[in-house]
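As written, the chains take the letters A, B, C and D, and residue 1 is the first residue of each chain.
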């Protein structure tokens, strides 16, 4: 299949590589030359512009940092919506505001184009290993068309609803993740401060009603689990600043829908505080450091 | 085995019954006559006082509402510590302040007695079905002695550490549970307010990094799961006031250990607010009602 | 002076009246005919369009609900920036996002126009009595020009800084106000729940380090002060939904500047929760009802 | 008047000195010899024991760190309640749990003694200058008797209600103070992060509805006010750990009365976090450092 891929950062780069490996013909573009070069070495075709990558593609994929980049890529006179063929399926994998995802997809539809939002979770390791989760918003038909391609990059493909729903579901999930990570860190510290062994306590809670993803796979307390960021000085993984960005998107959705999210809002403030103290690049499980002397 | 059992409420009653079923000779006492009668009909032996139940027992079990009841039962001139034989193993299953559990066990040790704290989780259903989880604090030897008896009432027996550690671990777990439940309720409502189906969103988060016990077994949003309190007008289950009590114990432990628990403290205030609006007897998953129009 | 006034709602209407009273020649416009009629009866001149009100004005004032209304009024081909004379001083009194205020003022400057942001506090009573506080952003020169006109509508004129600074300062003030009001309500309720008379406690705190605007002028507990909303079933005053809107603007500013505002974020969630339970039209001091049985 | 004074720490020392200055005959006791010596040099009489200080006093004053010290001083066989004359007025100025204050006063009443609780605010400066505020719980008659003596040490004497009410009112006030200090710090930082001058913003809020004690007398942002701790590296003043202690007392009262105090609980967690990062001895306005790079 002919695939155009725009945005070759920490996530987009390995995702595009997996498409090459799967045998697709992938034309790539990024503003950073070295990112393009790495992909070309892996077998992708160099594009000299976003337009060049998009023209003639069966599937066009974008993986960009934020809402304004997506708007800038697709909308306006220079936007790709004036370039791509009506037969091209557009998949935006960026994590952006649901409102933007909906409005961009709506402009696409107005021009006879098909676009879906497909934000991912699973981090850079998931991108490299092809084990990402895609949370997708768009028509059933469009999501079905996208699925074989997404499966070359990920393991789980969930359709959350129509356009924008992928973004909403991802935002809700990540807000919940921040809450349970903070809550887990607090609970472990409360136990440690009262004389418990963090390993024993984590094990008990994991087998009881406190069970959650953090206890299961990503314990925030150093030394409880091997091979997680907390046992490696909180290096690697999913950064504090990225979590803060997703919590910001969650708060914007809460503001627009007038939703009350006290736990999520508190988590956002804790992550913003943690970042402002210099922890922005650490893994997000380092929120433990707010509560413990580590 | 000769077992004395004191405190036959919603939890203690079915727990004692399971001991009778397991073939033990169980002497029971409660201040409420009807509770005693029900047990006697099930095959237990009537005691006319706590002392009567305690004398000659191989194992003495208590299941009482709060710290002061435990102190009052065991300490002082009339207390059971002046009654029970040094060979009796004392198991307090009440959920009380760790500090109290430690000090009472310490008095016991001073008199040559062996006492462990073994608070439970699993609710009235777990008590009835013999599937409770016991989180135990005491010496390894004492916990090993207790295990066969506890296994007649529960499925999982965890030793958290020395005296009081059972209480600490239970408190940490339940604080985390309250945070997870509130966070899950908020996340689902944020999705619903942005057009998502609560079933679809719950399913996606359960398979992603938002995964937790509430999504898995106890979804707080009505209609997502059958046979949970949220689909039955939040009747049954683990009451808001009981969760508020456990959160109070968590806060006391946090105060004494000078721990910072922002998420847990917020959960406590939300549960106290929810209770003050008349929801004290509803299941604790009804915290969803603070965020949703239900 | 010839003044154009656009937006004659609960705030704008009485503000425009005070300009008429002060002897100015005021041309008014609103999409709601009855609002215009009331002003014409008070001595203002009818305009048939926003353009009509703006042409030839020495000062043009707008008082609109939200950012998008301000953008829509001034920007674009039909926008007033293409209509007003370069000698006209433009004063936007709407409470909107600082970012919008800055970008709109920047467009104005690009066209050689002078525009300041001058959001108000003091509520409908302040608007009627001409005792509003204006918190102004713009050059010193522009603010000096505006001051005599603003003094016809208000008592205090503060310059917070350059364009957008008026919005920032108002947002910060109102976020703090929400925190003070919630904190005061909690503190009074804690005292009442522990047997204190809310009047005695309020008096003590007002004379101690808990002193704040709410205790001084706007006690949230019914019966402590006469002539405040809390003693009148929380009718009148500054509505819960308006406070929620301002807290939303504060949260947006916090997100954009990556600021940690845990107290403000919690206040926002409490106000959103309070509104979702049907209290949106009550005075914002009714947050007391979240904590007390009233 | 013959006054016994027990507890000569940072607060008690200067308070006792002011009684000496006022012409009273003051017998003093403290476990720390140097504290006693300083008072004796100032004109007080040495007591070799608490009993010695108490015997024959018209008024007996205690100023101790926490509930357990007060219980230990007055209760039990060695307690002063078995020593003091029935004509002695007992004034406990310690800040302790209201419950303890009530129960100790009740024991006193049972022995025919009169005791009031009179916690103070105003810090070490207020103690030295005789400008403390006393918040008093006890019968009107007892408070009237105490007033002339208290006026030798303070400026404002408030009767909050019967026994324990002084403690409740002080706790409520200090919880509110922590909330408004945190909220003020957040609001200033939000303004600074959006380009405002902290002096200008503080001035505007102080003249608007954000007005509160912190903005008025104790601005937490360095450089806004002279002669406050924030402009002196947060040295001196009222320490973070003391505020954390008072917030702990507030939380205990909230737990016992099942009150919902989300803002107060959040403030407690922020102060506990701040203390755990090494700020325990700084002035409590240093909470600004959690939000700002200072």
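Just so we're on the same page, a contact is a pair of C-beta atoms (placed from the backbone, for glycine too) under 8 Å apart; a residue touches a chain by one contact, two chains touch by 3 or more.
Please read these numbers as outputs of a predicted model, since none were measured by experiment.
J.: Going by the average position of its CA atoms, which chain sits the greatest distance from chain A?
T.: Farthest by centroid: D.
J.: Which of the two pairs, A-D or B-D, is linked by more C-beta contacts?
T.: B-D
J.: How far is the middle of chain B from the middle of chain D, if each middle is the mean of its Cα atoms, in Å?
T.: 39
J.: CA centre of chain A versus CA centre of chain D: separation in Å?
T.: Using C-alpha averages as centres, the distance is 51 Å.
J.: Which positions in chain C touch two or more other chains at once?
T.: Those would be 254, 258-262, 266, 270, 273, 276, 290-291.
J.: Once bound in the complex, which stretches of chain C touch chain B?
T.: The touching residues are 262, 266, 273, 276, 290-291, 293.
J.: What does chain A use to touch chain C in their complex?
T.: 244, 248, 251-252, 254-255, 258-262, 265-266, 268-270, 272-273, 275-276
J.: Contact residues on chain B for chain A in the complex?
T.: Per the touch definition, chain B meets chain A at residues 98, 121, 133, 135, 156, 158-162, 164-165, 168-169, 171-177, 179-180, 182-184, 186-191, 193-197, 200-201, 203-205, 207-213, 216, 218, 250, 253-254, 257-264, 266-267, 270, 290-291.
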